[in-house]
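The same chain A turns up in both complexes below, where it pairs with chain B and then with chain C.
And now, the complex of A and B:
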């Protein structure tokens, strides 16, 4: 049916596409490697020399270092929390005969699909006025951000884990229960080891979503819990001309995503379409 | 025994329900409740005062909001339709055997995991007149001055291009997955019967990839409706209100003002519109298919 010749048109199209995909990212690296003086001459596509001063400046800034630590703590804390809770919830929804469990599955996903901008105001008001114990409010705290990110990451974890848990035969749980294992032991010793690959993918993807988040972090933190993504925008608005620094912060923000990309590349499309498409 | 097991199931589910309740459902109910009040803590009367649907009435005459709604719908339309058309063509081009397929596919997945704010930053570095390569090349080759800081049209077009750059891969890769799984028989039969390319596309390919296509368009529409981060970074919503999409409008115009009642009404309406768009799509595309079977 299809011709045996090499379809050069396809090759040309996909080569062009790869160039278009990669060039903007390459350009960011180029800008990050330039001293401020060089930036005001004519744009130069080639990287003539490596100037690391922008990176050094980012790493030497105590503020930005603090933001990096916050980003790490918040995204790691959130990823562990949602993967653990999502695993338990998904296990309950796939194994137990709970009334309305399909509705619960669907309801969880609506939390992910609602525009985050809509939640800015209510979350801000709730965090400042309602969810507080005495003087302690969740606003501008790492734990607050870890909890807030559950809104979009927890449904994602549940939906990503569903195929994994569906694939583990229920007879296994039942056999273990008949042998006298407690329900917790079944989860811990039987299901958990088998679900490990799915859990790893979930952990990694939820981590990167939390790491990448900007909007909620920008409105629900002021100083102590600010993340690297908010630092990026801060830098741009206050010192609009520090392009090299901006590019360097972008690179720092991008690096973990690149690592994630190399680890779970195969699962990204499936994850982003909630399993509607097996990528 | 069975009751106990169900109880244990609810126990496992409870932390999830609690968290989603506290940070998903309750904020939603709260914002609906606040939206029916006059509430500005820095006004003369800082207390909440019930004011019926006055906030919603004001919304209908709010030019900023209506302009924002208009550009959002235009953005969603241009971005998603370009992504679907481009994505399909690329997916078809991918169906032939050619050297380096796996490599190209890997490259193509890359934008999908990038933080939206980084995408915005990347495109800002590409298109800002003094440092960007695109305005430089356009000026020196065709003599066109691209300035996303002053030209409303240029800013809007660049945001669409940025979104296409960011999300076309999702459409392409979904469609590749769908096309790869199709059986070859109907296509061979249609060719033997003398069907032309368009007929094959219209009557065989399209119906067979429809589920994956609809799912992808659905997800893209939802995501395009709530685009914020990358636009904030690239244009900040400007110039004027050219790229002030609904999310940007809430972030930049509604949230900083402390008019909480009115802001809540805006939030509720944006959520409502997102749901309506999705519901229309569901009724129009998905429901007829499932009932027909």
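And now, the complex of A and C:
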């Protein structure tokens, strides 16, 4: 063993960056623990007492509970759908000789090139006018929001998954075909396990996009499919802003994200295809 | 086990034709080697037999059934890829058992067959390892194990030994041959190494530029190559080629080179004056009294034999002799050519005369 000097500079830099990123979260937590009266007295960044009343209020509100469920259903539904579709799209893009496939691949990303606000009106018309059967329209439905987020997340999924699938040698597909697998078996038994790290990254990032999205959720939902992020804004009213409640809601939005991250993160490992082919 | 018939098979990639009407007949239980330089369509032909590549024209039959439009899984073939293509997320046992799993065989049967194949290939110790934990030679054996567990109609090998070092290649060559003697499964084996072809094949198919140049038993190709290409490709060191014209000297037919040297012949069915290429293998030249004087430039002693490089009127010629000949570069040595071992080709067409 070689003794090494402690790299003080790195440690200092690392501590500074951690402080900068973590401090707002800490402060949010402090705010959520205070009654409104306390908040508007002298600002104080220390946690003096634990006052859970904001959390109780959030949890006891059926509306907010509904928003939380909506957020979970929409983000998870969207992330799973988009990752599955993106995976299949990339399988086709990397395995088949499709005429013009490079153009298809390139143009999908254009959906991400304009700010989402540009798509507000077309999406609104799509949900209210195009996809409607009698009185039923996709506006203000969870499934509607899941599909809306596909517009932005699917191109992203295709672009992140492409290199993953490109890196899986095609000879593995061929070996499996010769070994008697059907096309679906090849995807399920060979490609899917090897694409796991890429799928995990895609799942997390698309989930976070839908979970944190505000603009589209605020305009394309009224009540039934409203999400937590839009719920936040309901506490900014003409009579004042309920900072404590908002901070408590924010903590509630943070927790599921952390859980999803920790569940998916262990699949992000490298070197899965090592040993498949040599030469 | 089955026969394989390839009839007038062509292959086009877009506008480019890479295979021009290939005919090969493979008997039941035969070990056939497709050999030829790189890029001449060996892998393409093998992949068409496997069903991984579409056939543009002609037919391929396995066991009497035309398989052109069949999926790989319907053809009952097993293939060993040059890169081995092992499933990196499966253990050795799972890799070898995969074809049986696809056939939905019972678990006990799969285990039994994998165990047997592992015994044959000396892999028993490694069944629980992952491919990344194996050496190149072990991976190669796993790839073979995956092919033999299921007793297919035909084995296809695409240069399975080319990633191994020279010593391992020789021992694996023997192992594959033993395996074939034991299983007697019809085998098509692709290589660009003519020694592999010579030592392993019942029948060699020499390919060049998407065409079959010659089909025959190894020693037939060695003794009677049909053209210059096969003559130069089969045999190591390669056959000497000397250009000249047919002539008659003192009542004997000879090939006369530009500098007037007469190369001995035994009967030649062509008229005097014709431009021909005279072929003689290095091992059919000896050094001794009455030979043609050749100016030697390099001696390469390997212990068991000596390879002597020289020039005959500007044309390169080398001899492989069993004796330990020591000499100085620049020296002139008499090369004795055995006329019964000489080959004659038409220079213009390359065809054997």
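Quick notes on this structure:
Just so we're on the same page, the second predicted complex is superposed on the first by the 232 of 279 C-alpha atoms of A that agree within 3 Å, B and C clash if a C-alpha of one lies under 4 Å from a C-alpha of the other, contacts with A are read in each partner's own complex, and residues count from 1 in each chain.
The definition used in the following text is that a contact is a pair of C-beta atoms (placed from the backbone, for glycine too) under 8 Å apart; a residue touches a chain by one contact, two chains touch by 3 or more.
Keep in mind it's a predicted model, so treat the numbers as computed, not measured.
With both structures placed on the common chain, the touch criterion links A:203 to neither chain B nor chain C. In the superposed model, A:274 lies in contact with both chain B and chain C. Judged by the touch definition given at the top, the superposed model places A:247 against chain B, while chain C stays out of reach. When the shared chain is aligned, no partner comes close enough to touch A:139: not chain B, not chain C. Once the two complexes are overlaid on the shared chain, A:175 sits against chain C while remaining clear of chain B. Touching more residues of chain A than its counterpart among chain B and chain C is B. Chain A uses residues 272-274, 276-279 to touch chain B in one structure and chain C in the other.
Against chain A, in their complex, chain B makes its touches with residues 2, 5-6, 8-13, 15-17, 19-20, 22-24, 26-28, 30-31, 34, 90, 93-100, 104, 106-118, 121-126, 128, 130-133, 136, 165, 169-170, 173-174, 177-178, 184, 187-188, 191, 211-212, 215-216, 219, 222, 225-226, 228-229, 232-233, 246-248, 250-251, 254-255, 260, 263-264, 267-268, 270-271, 274, 278. Contact residues on chain A toward chain C in their complex (touch as defined above): 169, 171-172, 174-182, 185, 189-190, 193-194, 271-279. Chain contact summary for the complex, chain C toward chain A: residues 50-52, 71-73, 77-79, 81-89, 98-99, 102-103, 130-134, 136, 139, 146, 150, 162-163.
In the complex of the two chains, the chain A residues touching chain B come out as 1-2, 6-11, 13-15, 17-18, 20-22, 24-25, 27-28, 31, 39-40, 42-43, 45, 85-86, 88-89, 91-93, 95-98, 104, 108, 111, 113-126, 130-131, 147-148, 150-151, 154-155, 158, 183, 208, 211-215, 218-219, 229, 232-233, 236, 243, 246-247, 250, 253-254, 257, 260-261, 265, 268-269, 272-274, 276-279.
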